[in-house]
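Naming follows writing order (A, B, C and D), and every chain is counted from residue 1.
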Amino acid sequence: MQSDEMPWRWFVEHQTPYTSIIHKVKRIIYSGKTEYQQVDIIETYDLGICLVLDGKVQSSTKDEWIYHETLVHPTLFTHPKPKNVLIIGGGEGATAREVLKHKCVEKAIMIDIDKQVVELSKKYLREICENVFEDPRLELIFTDGRKFVEKTSTTFDIAIIDVTDPLSGGPSYLLYTKEFYEKLYQRLSDDGILATQATSTFYSIDCFLAIYNTLSKVFNIVKAAHVWIPSFASTWGFVIGSKKYDPEELEIEYLEEKIKERKITNLKFYTPKIHKSVFVLPPHIERRLKEENRIIRDEQPIFMPA
Amino acid sequence: MQSDEMPWRWFVEHQTPYTSIIHKVKRIIYSGKTEYQQVDIIETYDLGICLVLDGKVQSSTKDEWIYHETLVHPTLFTHPKPKNVLIIGGGEGATAREVLKHKCVEKAIMIDIDKQVVELSKKYLREICENVFEDPRLELIFTDGRKFVEKTSTTFDIAIIDVTDPLSGGPSYLLYTKEFYEKLYQRLSDDGILATQATSTFYSIDCFLAIYNTLSKVFNIVKAAHVWIPSFASTWGFVIGSKKYDPEELEIEYLEEKIKERKITNLKFYTPKIHKSVFVLPPHIERRLKEENRIIRDEQPIFMPA
Amino acid sequence: MQSDEMPWRWFVEHQTPYTSIIHKVKRIIYSGKTEYQQVDIIETYDLGICLVLDGKVQSSTKDEWIYHETLVHPTLFTHPKPKNVLIIGGGEGATAREVLKHKCVEKAIMIDIDKQVVELSKKYLREICENVFEDPRLELIFTDGRKFVEKTSTTFDIAIIDVTDPLSGGPSYLLYTKEFYEKLYQRLSDDGILATQATSTFYSIDCFLAIYNTLSKVFNIVKAAHVWIPSFASTWGFVIGSKKYDPEELEIEYLEEKIKERKITNLKFYTPKIHKSVFVLPPHIERRLKEENRIIRDEQPIFMPA
Amino acid sequence: MQSDEMPWRWFVEHQTPYTSIIHKVKRIIYSGKTEYQQVDIIETYDLGICLVLDGKVQSSTKDEWIYHETLVHPTLFTHPKPKNVLIIGGGEGATAREVLKHKCVEKAIMIDIDKQVVELSKKYLREICENVFEDPRLELIFTDGRKFVEKTSTTFDIAIIDVTDPLSGGPSYLLYTKEFYEKLYQRLSDDGILATQATSTFYSIDCFLAIYNTLSKVFNIVKAAHVWIPSFASTWGFVIGSKKYDPEELEIEYLEEKIKERKITNLKFYTPKIHKSVFVLPPHIERRLKEENRIIRDEQPIFMPA
């Protein structure tokens, strides 16, 4: 049988209309449509099990921890003692998993629009969300992230935005606008910090730059980070907006101390040295960050290159 | 959302290591492993719903009737009054469907090794097997076709072999050997006829030629036919072995008469003219049929090009 | 080296936006742009050397003779004694090659818009056009086929149209209109016959049907034929328009006689039996030919599905 | 015409048998075979013009400077005053270009096995090697790098190894063995430094680890670096072996000083901060570097995963 030699089911991730990645598929675990998006859970040969939303890999067992640790820890360690954390998106539970590793966190509210994605993750992505949804500190609310932020009166120390890329017609593009960031700013404590995924720094660098510039109009400290995610076939951007503390100023010794203090022993990617290095962007990107002047607005959203 | 514009799930049928067909997938209806093979039921844009076994399209709603009518009717019309028909394979029910259109058929025994394929077809391929498995003339037995033929003492007027291609390690390659054809010959009545699918006349012409030559060592009348099947991206071969009647000698008027006599009104592809034309092979293939000398044996089976 | 095991250069022929054929490439022989089109000459593993114009295989050494013999011979044998033949298109010389096999042909005028394609064929496709362009009966004129037909006062017994598919923006779509066929009709002798390639009968069946219907408004005898061309991954359509003789009425014995009379000994595909069978279309296509009512006009051209 | 919408020429880079990158091709500039390898020079939409050897992108105009600056500058700045530099490979001239930016370099000897690659680069990759081959400090010798090292009696301050990946049957695998590194060690001055490309840290991490470990048996200071190269669809590894100076100990201020001192004003990627960050590997790779025990030998070479 040809199964392993010439696999016939290919998952093709289109980076642009001209560049795509072929992942040959070992097994299709689930495929279906929720109210909000197409969900495929597939097993590949090189990336393990992948959660795919609307044709984009969101998490793979091979490397989701690179993405999620880089999204969460630089921000949570920048805050001296985060107690209340808001997570928007992150349906497969991995962002919550990383947040809850910080023992100082007393309460994490996770907002996801798509209940089915969470249910499917619990069923098929156990390896990723083991024990996460059972943690009593986690509260799960199924609603639109934007609506939640506009209505809530809770104050958070940290907000982590882990939503899908801004696609035209997709469920997430209004979670990247100045109006949204301003609302969120108001819900953060005086030393609050926001971190958002910020798309590819190569294939969609315009999105990345615009997110950075938009956040810089709302927060006084704004920092961009990046890391290579094999599953995304690109270095991936993150932007941190902070009211008081600067993530780049933290010293290696301080971070080592904090890791011990918060009793975190199960990090796979994040280290104090990695903390320092993710903020080092190449000069051609640094330059473009400085020159960028687009501001993403509700009326003028930004979309991924089609 | 990109769903329809740049579909990310591709089904790739490998014709050879150097030529493949990409079918972009609209919907994955089912994907799983049975005891015998990998089964995928997918909806494509150009071929409708496809049943895929071990990575090979077996039937698509777009054109399965071209394949099944060509496999069944030239043979059943060649026999003046077929009453007992043996079908080996044909799990999705379409071969039985065509056989049962002949009102003279009193009994059809269908042998399939894989009960799950039949169950999945009943559930997901209703369009193909509507009312077939409910026909009281049809008896369904789940066992190995070879074993059944070796053990049964029943005599059949017709045997239709509709099994997957002879793949190394696959479930079907022993249903293409001289030993098997000899056993089956003994189970046919004195005017009995056998028809088998015989793989691509282009991509696996060696298989096609060897099946023809092997049958010619067992039956005194042997005829090759072919027709283009869009889903198979090739002209497809069929070989008929007959004890008494020659399918090529039937006249158009005779066939028109027979269609009326058997009260068949729902043919989509087969006509008396088509009957004549499927036996017209191009001269380069005719020549190779004459020159072929390989005989497929249990000890020397033939396999599709990997 | 991985060259043969995992070839990295793929030629992908898009049948529709949802179905494509991958040909792995052994060697790129030529790649460049002429004034009219993109020309690639590549060697593949399964089709031999291919001439590709604007991304569509036009001819491959593996099977170009199936296409060209089916385009030319049914028409040339239908005419009792063709002396003057017009060929529009056919830059690689294969249509002329088949035409010139008929010893009765005294003069063939071949019109191609793209001189470079002819030059490249002479250089790289020797196997296809050996001795063709050297035949003194052949006159080669580089101009637009439409313009030539509108200006010439020559009368032809036969016109063969072997141009690229009607693509929006491409060089050929005005060679498929009623206006063009009417002009050409006037240039044919009283027993003149026209044959044109008519695209895929599967992937672009609407084009095929419309070409047939358009010709039926101009000629009193119109016949459709088809044959599977491996390189085109489809059965391919041809339409013949005739003033006097009907290609379907020719008997096998007559055709055998004619082949001898014209001293043609080097046919690879065409036989009298093939002549008969190429006109047998399946009933679902026959039905649609009868129902078709679109007429292709200069103002309302038809294009291939994008 | 479909050219830009659905390009039909795809360059597919196979990372593993299960993961590949599709680059749609705008233009094929050159394709041919040299004595040593298959050379394709293509223009893609997202990576610009690419030099492809045996199916692997070696350099693209979009990002070759990321690769070449990371290969060259961390090493050349680690040496206080490099005068004599040996370059093995680097046929397109970009490694030499970076080396020659250091004004202190008095002589660079570049050894490449394939004269034709250099000739083709001069002709088609002007953008990459502008003014490089004209620099009087550069001496170009066409021979096997291994043979040159074994025969020469010259002493070098720096050796840069910029050869193709170790492929079975390819021209480069004997340039990654302990025996070769030992010969090269003898040709380096007492404070000499060697840098080699070390393949993907993801798709071929075993090669990367083994190169590191092998060099650690020859040099007393060995450091691994990595950077994401879009054209290679991966973070790429580099290993530095040094007799005296440690590239990780250089301070940012020192490097700033050195850049000024050597009057280098045209760096596009390398900065002192980048210098520091390329040596920060994630902990899962750090751990594997420590545990690695394979030594690459002439008799036991290492090859890329097929």
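The rule is simple: a residue touches a chain if its C-beta (ideal position, glycine included) is under 8 Å from a C-beta of that chain, and two chains touch if they have at least 3 such contacts.
These figures come from a predicted structure and were not determined experimentally.
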item	value
Chains in simultaneous contact with chain B and chain C	none
Label of the chain whose CA centroid is most distant from the centroid of chain D	B
Chain A-chain C separation of Cα centroids, rounded to whole Å	56
Intercentroid distance (Cα basis), chain D paired with chain A, Å	33
Between chain A and chain B, centroid-to-centroid distance (C-alpha), Å	51
Multi-partner residues of chain A (at least 2 other chains)	7, 12, 17
Pairwise touch network: line, ring, star, complete, or other	ring
Chains grouped in pairs wherever the two touch, ordered by label	A-B, A-D, B-C, C-D
Chain D partner contacts - residues on chain A that touch it in the complex	7, 12, 15-24, 44-47, 66, 202-203, 228, 230, 233-235, 267-269, 271, 273-274, 276-277, 280, 282-284
Interface residues, chain D side, partner chain C - complex	1-3, 5-14, 17, 27-28, 31, 37-38, 40, 52, 54-55, 167, 169-170, 306
